[in-house]
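Chains: A, B, C and D, in written order; residue numbering restarts at 1 for each.
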Amino acid sequence: MTLAFIGLGHMGAGMARSLLRAGHQVAVYNRTREKAEALAPEGAQVAASPADACRDCEAAITMLADDHAAETVVFGQDGMAGALGHGTHISSSTISTALARRFTVEHQKRGQDYLSAAVFGRPDAAEAGQLVVVTAGAADVVERFRPVLDALGRKTVVAGVEPWQANAAKLCGNFMLASLLETYGEAFATLRKAGVDLHVFLEAVNALFGSPVYANYGRMIADEEFGSAGFALKLGFKDLRLVLETAVECASPMPLASLVRDQFLSAVAQGDGDLDWSAMTRVAARNAGL
Amino acid sequence: MTLAFIGLGHMGAGMARSLLRAGHQVAVYNRTREKAEALAPEGAQVAASPADACRDCEAAITMLADDHAAETVVFGQDGMAGALGHGTHISSSTISTALARRFTVEHQKRGQDYLSAAVFGRPDAAEAGQLVVVTAGAADVVERFRPVLDALGRKTVVAGVEPWQANAAKLCGNFMLASLLETYGEAFATLRKAGVDLHVFLEAVNALFGSPVYANYGRMIADEEFGSAGFALKLGFKDLRLVLETAVECASPMPLASLVRDQFLSAVAQGDGDLDWSAMTRVAARNAGL
Amino acid sequence: MTLAFIGLGHMGAGMARSLLRAGHQVAVYNRTREKAEALAPEGAQVAASPADACRDCEAAITMLADDHAAETVVFGQDGMAGALGHGTHISSSTISTALARRFTVEHQKRGQDYLSAAVFGRPDAAEAGQLVVVTAGAADVVERFRPVLDALGRKTVVAGVEPWQANAAKLCGNFMLASLLETYGEAFATLRKAGVDLHVFLEAVNALFGSPVYANYGRMIADEEFGSAGFALKLGFKDLRLVLETAVECASPMPLASLVRDQFLSAVAQGDGDLDWSAMTRVAARNAGL
Amino acid sequence: MTLAFIGLGHMGAGMARSLLRAGHQVAVYNRTREKAEALAPEGAQVAASPADACRDCEAAITMLADDHAAETVVFGQDGMAGALGHGTHISSSTISTALARRFTVEHQKRGQDYLSAAVFGRPDAAEAGQLVVVTAGAADVVERFRPVLDALGRKTVVAGVEPWQANAAKLCGNFMLASLLETYGEAFATLRKAGVDLHVFLEAVNALFGSPVYANYGRMIADEEFGSAGFALKLGFKDLRLVLETAVECASPMPLASLVRDQFLSAVAQGDGDLDWSAMTRVAARNAGL
């Protein structure tokens, strides 16, 4: 297919490469042009603006940092909205459910289709086309672009017919990861004060849960390896805020999400916002006097 | 080895069978005698009291419901303490770290060794000798009884040289499971109100975490299958209380454990104490008006 | 002075009357015109729009339900911004600190001054000119309008030179009230289950705290008199959300505010949003099985 | 009346003096004898043991630090239980509801009456006989000793006919004070970061709540005057633990009490256990990076 890909950060670059590898024709745009040019050798056409990228494309995939960036790319000067024609916007950014609803309405007004297609996974999974894709939108549109979604991930699930439902699912998934971090933070603080070797405890945890996610985060947190921000703490904080906004929209209290949000905020207040989000476990440690 | 096994509930019966299967000689005792007699065909000798069971044994393994039951079996009339001689008490019950320290001291006074050997896993894993064993105690005692521990589980880890450290690790492990339940409870309440199919969401969760624990609990909670109490909610509540007592001893605040404890208490207050502990997720659902 | 007053709800009507009683000339506007006309006999001039009300006034006081209403009155069609000339906008609405900052900037652009002048007190205090006023803004502007503020309340304090600081103080004050509600909710649930008469307990509480606020809310909650919404629960929920937004701006975690917010959300989810905000105590009662 | 008074700490000494001043005959005992001897000039007889103090008394009032001290004084060597005859034990200590029930049963076995008579107020109120007394027990026993209770305080309320109900009420009262501390802690942390002068904010708070308790704690916390431990933080922490135990007995979740308990525990972990309990507000400040 003729595609546009906008937003070539840690995740986006790998996703764009997966699409090129699957044989799609991809015009790429990034605010910092170098990141777009890095994809030219692999066959991507480098575009000068979001509008430029998505002209004549069947679908434009966006992978941006937050609501503000996503709004700017769509509605800003030289934005997608005016150039997409009758194409489809597939948003993979972790944005608010409110913005997903706004995109749905605004694209519809312009005769454009809109899908949310949130992704789970770290940059290496994006690179390898091994993400987990949670999409939502009109069934025929989902079917039309299934080859695109399948090129991004090893699994695609459909959360519903309203695009924002995929964003709700994505935010709840990130909440699950974040609450695992807090769980580790508290268990480790207590066990360190109890004189239990964390790696021994992790052997039991790994035997019990059998999950690579538990294994990876457990090791990172036990070893306090927070430097290389696979996922920046301040972005994790943003996601907790977004899941709580969705919880308000749905009138569904999430006290654990609130607790985790506050721990992230404490981490930000203490200057750890640019570390990997697993560094939020330092808050529990500090509160235990460690 | 010549062993005693005291406490033949869902978990204990399977553990005793694993020991018999491994070729150990096992005298068994249970308050309700029928449960002991059920093991006779497999070679167990049925004892009339804890004292009777552990006379002349090298080690007596206990698997009891709570601190009160464990204290009664050890220090009560016809209890173990007076009959164990120079044998070793291996406690697999999920008891408080305070009681584990008391056992350590009291057995030592009597010239007896004491190990904590907490286990992770559900009854079917106990039956199959596939538990995860977290033990702690003097290194030579651990080594002496490693064959016993290895017969109980697929993996044995040593949390430290003080027995209570194994109990701390076990309680933190149960806390990790309980906080997963609350995580599911909140995510599912929000997603149900968002109209997202929980089984679709679980497909993404399973692809992401790759953990049988997540898969099993996710399915049970989505399907509201709380009837067959694999692990009774009121016992889970007890464990949350115990981990918080350990947190106090260690001066390590665990706000997430507190939150989860309060949700369990709400479930108990609303009459769900005898259901499987995953039924604590109904509290989040009720608070969302579901 | 020549004043405009916009927003004549429970609080605003009483405040406008206090200004009239103090001898000020007041043009009044309300979306539902009847509420404006009710003030005509007391000397108010009834205006047809916010713009109409504030033409030629020295200051326009606004008392509106939320950010959305305040923005509409200021920037909407026939709004204040275009008609205020070089007058001053004095905002008494409980709005977000973010909107207060926006008002500051936007009025400044138009050569207009802006003060936040938040008020504490229930409608009867507004009627009697006995509110507590927390204002903030440029010192000379505060001084110029002190007679207006003094006509509204029995006490005026100055929170800072940036208007949003008064909003932060107001939101923190409402947080203090809301956390008192939750405190009562939990204490009463436990004492009811303990069989302690709540009015006896309140005698001790009143002797201890000596606060009319404690006395009033204590009695209302003990008697479950939630019907006459002195302050609607859903508006209280909004304020908790606003204080948490301010907490994020200030990077200051407020876990108690989060907890209270979630209890309000549960009350909303269970259909109590239109009751008095003290009805949020029903959540603690329900979670105790009452 | 012929009374014994056991436990002459900050509170007990003042209470004993109030009883002497009211004309009662009082034998006093304290573990550190000097504190007992200090009361001799005011007419107290100095006793050598709890048993010695309560021999031939009509009632023995106890005011001790915690459950352990209270149990030792009653059941220990030379304890009250064996010497009280048919006298009455009036316990003013802040002890657990469980211990109050045990006292009820054990005294009854010995033909002794038992009242809980918890007190609210700081040492200066104890000194002045201006405490608030919350008592519970059999109605005739309460009436018989009303003159004693009235000598201790300015107000006596009766929480019920079972003594432990007074302890439940006392613990809930302390919970109300503790949750006020956390409320101040969070509001002040946010306002400090917002640049709002705390004393200005307190003017509004005082005008709003009109409570001396708010005024005193507000000033102490704003000025960070935590040195002179009117009430030691570690004792406050103990009380939060006790109220949560009562909450478990009553199956009444108290998430705010849990939150406050965890903040106290964090304060203890960071070495502030001997400061005044209002120092628990430093936890919120630290978590905001202050």
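Everything below uses one rule, namely that contacts are C-beta pairs under 8 Å (C-beta built on N, C-alpha and C of every residue); 3 or more make two chains touch, one makes a residue touch a chain.
Treat the numbers as computed from the prediction; the structure is a model and nothing was measured.
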item: From chain D, the most remote chain by mean C-alpha position; value: A
item: Result of counting contacting C-beta pairs for C-D and B-C, higher pair; value: C-D
item: Whole-Å gap between the CA centroids of chain A and chain C; value: 38
item: Centre distance in Å when chain B and chain C are each reduced to the mean of their C-alpha atoms; value: 52
item: Centroid spacing, where centroids are CA-atom means, of chain C and chain D in whole angstrom; value: 37
item: Residues of chain B whose C-beta touches two or more other chains; value: 247, 251-255, 259, 262, 266, 269, 287-289
item: Topology of the chain contact graph, where touching chains are joined (line, ring, star, complete, other); value: complete
item: Residues on chain A engaged by chain D in the complex (per definition of touch); value: 255, 262, 266, 269-271, 283, 286-289
item: Of all residues in chain B, those that touch chain A in their complex; value: 97, 120-121, 132, 134, 154-155, 157-160, 162, 164-165, 168-169, 172-173, 175-177, 179-180, 182-184, 186-187, 189-191, 193-197, 200-201, 203-205, 207-214, 243, 246-247, 250-257, 259-260, 284, 287-289
item: Chain D residues touching chain B - in the complex, by the definition given at the top; value: 241, 247-248, 251-255, 258-259, 261-263, 265-266, 268-269
